[in-house]
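Attaching a single structure in structure tokens format; questions to follow.
Labels for the chains are A, B, C and D, by order of writing; each one numbers its residues from 1.
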Amino acid sequence: MSQDWLLGSAEDIAARIPDGAKLAIGVDNIGVAMETTRAMIRRGVRDLHLVCVPMAGLQADLLIGAGCVATLETSAITFGEYGVPYRFHDALKHGALKMMDATCPAIYAAMEAGRKDIPFVPLRGLLGSDLVVHRPDWKTIDNPFAKDDPILLLPAIRPDVALIHAPYADRDGNIFIGRRRDFALMAQAARNGALVTVEEVRGDVDLMASEETAAAALPAIYVEAAAIARRGAWPLGLDGSYDIDEAHFRRYGELARTADGFARYLDEFVHPRKQAAE
Amino acid sequence: MSQDWLLGSAEDIAARIPDGAKLAIGVDNIGVAMETTRAMIRRGVRDLHLVCVPMAGLQADLLIGAGCVATLETSAITFGEYGVPYRFHDALKHGALKMMDATCPAIYAAMEAGRKDIPFVPLRGLLGSDLVVHRPDWKTIDNPFAKDDPILLLPAIRPDVALIHAPYADRDGNIFIGRRRDFALMAQAARNGALVTVEEVRGDVDLMASEETAAAALPAIYVEAAAIARRGAWPLGLDGSYDIDEAHFRRYGELARTADGFARYLDEFVHPRKQAAE
Amino acid sequence: MSASRQELLIHTIAGLLKDCRSIAVGASSPIPGAGALLAKHRARQRMFVTILGSRRHNAMNSGGVELFDMAAQGRVDAFFLGGGQIDGQANINLVGAGGAYPQTAVRWPGSFGSAYLYYLVPNVILFREEHTRRVMVPKVDFVSAPGPRGDGVYRPGGPVGLLTDLCWFSFDKERRRFTLQTVHPGHGVEEVRDNTAFDFDTSPTVGPTPAPDVEALAAIRGPIARQIGEAYPRFVRQVFPDDA
Amino acid sequence: MSASRQELLIHTIAGLLKDCRSIAVGASSPIPGAGALLAKHRARQRMFVTILGSRRHNAMNSGGVELFDMAAQGRVDAFFLGGGQIDGQANINLVGAGGAYPQTAVRWPGSFGSAYLYYLVPNVILFREEHTRRVMVPKVDFVSAPGPRGDGVYRPGGPVGLLTDLCWFSFDKERRRFTLQTVHPGHGVEEVRDNTAFDFDTSPTVGPTPAPDVEALAAIRGPIARQIGEAYPRFVRQVFPDDA
């Protein structure tokens, strides 16, 4: 079985994300491709449209702070108990971001519509929220199947690519995702599928061979390419493998309070290769 | 942990399906609740609206032949290589069925809309098919997000109950379904969830305890009630447990060619209790 | 042994949830999570509790969308929402305050699932510990999710009330007003009034919020602290330093 | 050793599929399944083959809807459809014939996924072994799925041609007509004409359908027979009694 899907490193993964790409990313605790994120900043990607499924944290703040993001579509940006996303706030205040505030189920429903390649999907709730006022891409119609029943239509979201980090790939490029079904949704809705980093490739495993393990896989047909990145979610955690690096996350939060501090953070933790070359 | 979800037999499961219920059933090879189906015929259920997800076979033919079905919504009725569904054909010819011919993805999309409790969902394809002519419940509109783009809207399907047979329930009533995700869709879309028969209850298993097994479960919150029915899919098979009883299936096909033969089949294989009591 | 602030809230929440079949608790919500677990601990009926962030207390397996679909299906009886601002018509703001959106002076994380669940879950408990005029405002600057408005929008759900560090208000969906029902021990009606910038009614039977009895406290400090500690270890270390 | 009827069809299908990345094969389709497996066996590129009814050859894990969603996403390059009736404009009928629907004189199983996949899969191969005037009709009695019509309906997919026991027709979507391209060894153009009740064109280069060479035959009778036998044991016992 050819392993042409397996690239050498997170740098190779990052190289497949062009400027202007619409990129689906997941929540901080699910398995975030942080090493790929650093590689994207190193190569200087620009004008990304981030679709946060359904919200984001450190990964988004880093990309925003590094000037990689033009449009942010999300239900929330939060560090939870680990601090405040100052780079996000700073970019908002300076008008440096096109902000598309949403609500979690609207992002999911629009991604599901993208997975089906239908142009739009109706969704309950939302009417009367100021979110709708600021989303001219959403349309309110009268439900054609009932009387006096206004309902919101959301256009489908089809990202260009989904970016994920997962515990392992099997010999055929199927990715173990357990019950992180969000990864499957992201990969399926994305026109080019998922770009994946994994902790390891298990050449002795065929996830699709049994009912038990097949249900826990992201099938290889949705995987554009993968690469090994050990501790590739660091400083975030990977459920079942390693915990979040709390001290590092808090330190980020302190440094990123100012533009200067954020620049120092990038120098120390994102651009070490550049430093070494100087 | 209370096991109030666990009933005594397939008869108890059948007793929870009232006349006129809208019932979701699956394809013949997925895990069909045939013992429950026989119990439904024994108790004489009437006026069912069968929603076949996305098609059906022996189970539907039996229920139709026994006069239990008023409305049939399906993409196909087929016995595959095991014969011809004569009871279905006979009922159609006699005008005894309200027939709602569909296409597989339309049933899935409408069930997914039911799972989301949205009133309708658009779907590609279909326009120009005679299916649309005979489905006045479907509506063609102009896509409000584009020009000159007609698209079909399907009303959501919310069955009253989903009827399934599965390998086992765990101690908490979570059902092992492997990658049979259709069962999850059926149970979630159904207002009252799933009525389930299982080969066994594994009191030592907690499917939700690990990422690996959780992905293969139908969570208990979607399970209205369950009962043990050993070989409960017979004469159909259950993947990984037992094969289809080909000889029996063919014999059914021969007997069910005529109304008399079908009545003899019911006497021999569905109503043995009545016989024993006579 | 008297109940702490957090224990009183946990106990109050459990009482509000006692008739539910299914409860979901969002992120960063250890007190609602503990309240839901206490309700389950005491329930005679089968109760499903899903705590986002917990592996153990999770009735779901289909990804993040499942909570929302489940709510739409009618399978979530209770949920908790907060807000940087809450007003007297139960509008909530999780986005930002001061200045023109999106360049607000203050930015909060965002609306999360509020603009959906608030419409569909029959028993939404508004929960915000900080009870100040800064939070309890006459009118929110941004409506993440509106209170019930009688505007013809499909809405089987909505708020049943608002629980804070000071008190419990019920909410009347027809009159679109909060009513002060109980005030927590050590606090008074005037204190509530001084710290609330929106108008509200006061129940003729207003009284103290019932405190947990010895049995309830033992449950909170024992099994409930242990269970909530799986998702919220830091919370348990802070609130139950001697017990967990 | 010469190719059987089935082996010729398997070989022909494999040739049609050679540039695909992803092929799906529906129920009750052993010959298309074997053709897809042969294409994969010979492919230099990575090829995904999903055979409904096979556990081993299944690129999917999200239930029956996944095939259709995958097709909509552009991730299914080829699929097979048949029909109780097929007409010269590539309309197909899987529902019934004779009399008024639904009380037709003949009832077939139903439309399956045809009314969707026919629009979305770029290379639909119409496959029907029986080549008679009963099947190849001037106009179908019921349109399960229409041929391409230039009617403004979103349709990135459609038929590339029709393969039968007698021949291979290509289909021209603009002209909405079949063109006879090759006739299987042992059959002739006149025989095709006699057994086809719709009008079609004949290619100026019409010739015999290429038969599998020794290497291809060995693959079909060896690894392909073994692989397709997992989902279709009876087919393999009948067609490859000595090999499998």
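Please note the rule applied: a residue touches a chain if its C-beta (ideal position, glycine included) is under 8 Å from a C-beta of that chain, and two chains touch if they have at least 3 such contacts.
Predicted model, so just to flag it, every value in this text is computed and none were measured.
Trainee: What whole-Å value do you get for the distance between subunit B and subunit D if each is reduced to the mean of its CA atoms?
Mentor: Here the centre of subunit D sits 29 Å away from the centre of subunit B.
Trainee: Can you give the whole-Å distance between the Cα centres of subunit A and subunit D?
Mentor: 40
Trainee: Counting in whole Å, what is the centre-to-centre distance of subunit C and subunit D, each centre being its mean C-alpha position?
Mentor: Computed value for the inter-centroid distance: 58 Å.
Trainee: Which subunit A residues reach two or more other chains?
Mentor: 109, 112, 116-118, 123-124, 149, 151, 179, 181, 184, 211, 214-215, 239, in rising order.
Trainee: Which residues of subunit D are in contact with two or more other chains?
Mentor: 55, 61-62, 72 - these are the residues of subunit D that touch more than one other chain.
Trainee: Please classify the inter-chain touch graph. Allowed labels: line, ring, star, complete, other.
Mentor: The chain contacts form none of line, ring, star or complete graph.
Trainee: Using the contact rule from the top, write out all pairs of chains that touch.
Mentor: So the chains that touch one another pair up as A-B, A-C, A-D, B-C, B-D.
Trainee: What residues on subunit B touch subunit C, complex-wise?
Mentor: Per the touch definition, subunit B meets subunit C at residues 2, 4-5, 115-118, 184, 188-189, 191, 208-209, 211, 214-215, 217, 219-222.
Trainee: Can you name the residues of subunit D that touch subunit A in the complex?
Mentor: Spelled out, the residues of subunit D in touch with subunit A are 22, 46, 48, 55-56, 58-62, 69-70, 72-75.
Trainee: In their shared complex, at which residues does subunit A touch subunit C?
Mentor: For subunit A paired with subunit C, touching residues are 27, 29, 53-55, 74-78, 80-81, 88-89, 92-93, 95, 97, 99, 101-106, 108-109, 112, 123-131, 134, 148-151, 179-182, 184-185, 239.
Trainee: Using the touch definition from the top, list the residues of subunit B that touch subunit A in their complex.
Mentor: It comes out as residues 109, 112, 116-124, 139, 141, 143-146, 149, 151, 153, 155, 178-179, 181, 211-216, 239-240.
Trainee: Taking the touch rule as given, give the residues of subunit C at its contact with subunit A in the complex, in rising order.
Mentor: Going through subunit C, the ones touching subunit A are 27-28, 53, 55, 61-66, 68, 72, 94-95, 101-104, 107, 109-120, 142-146, 149, 151-154, 234.
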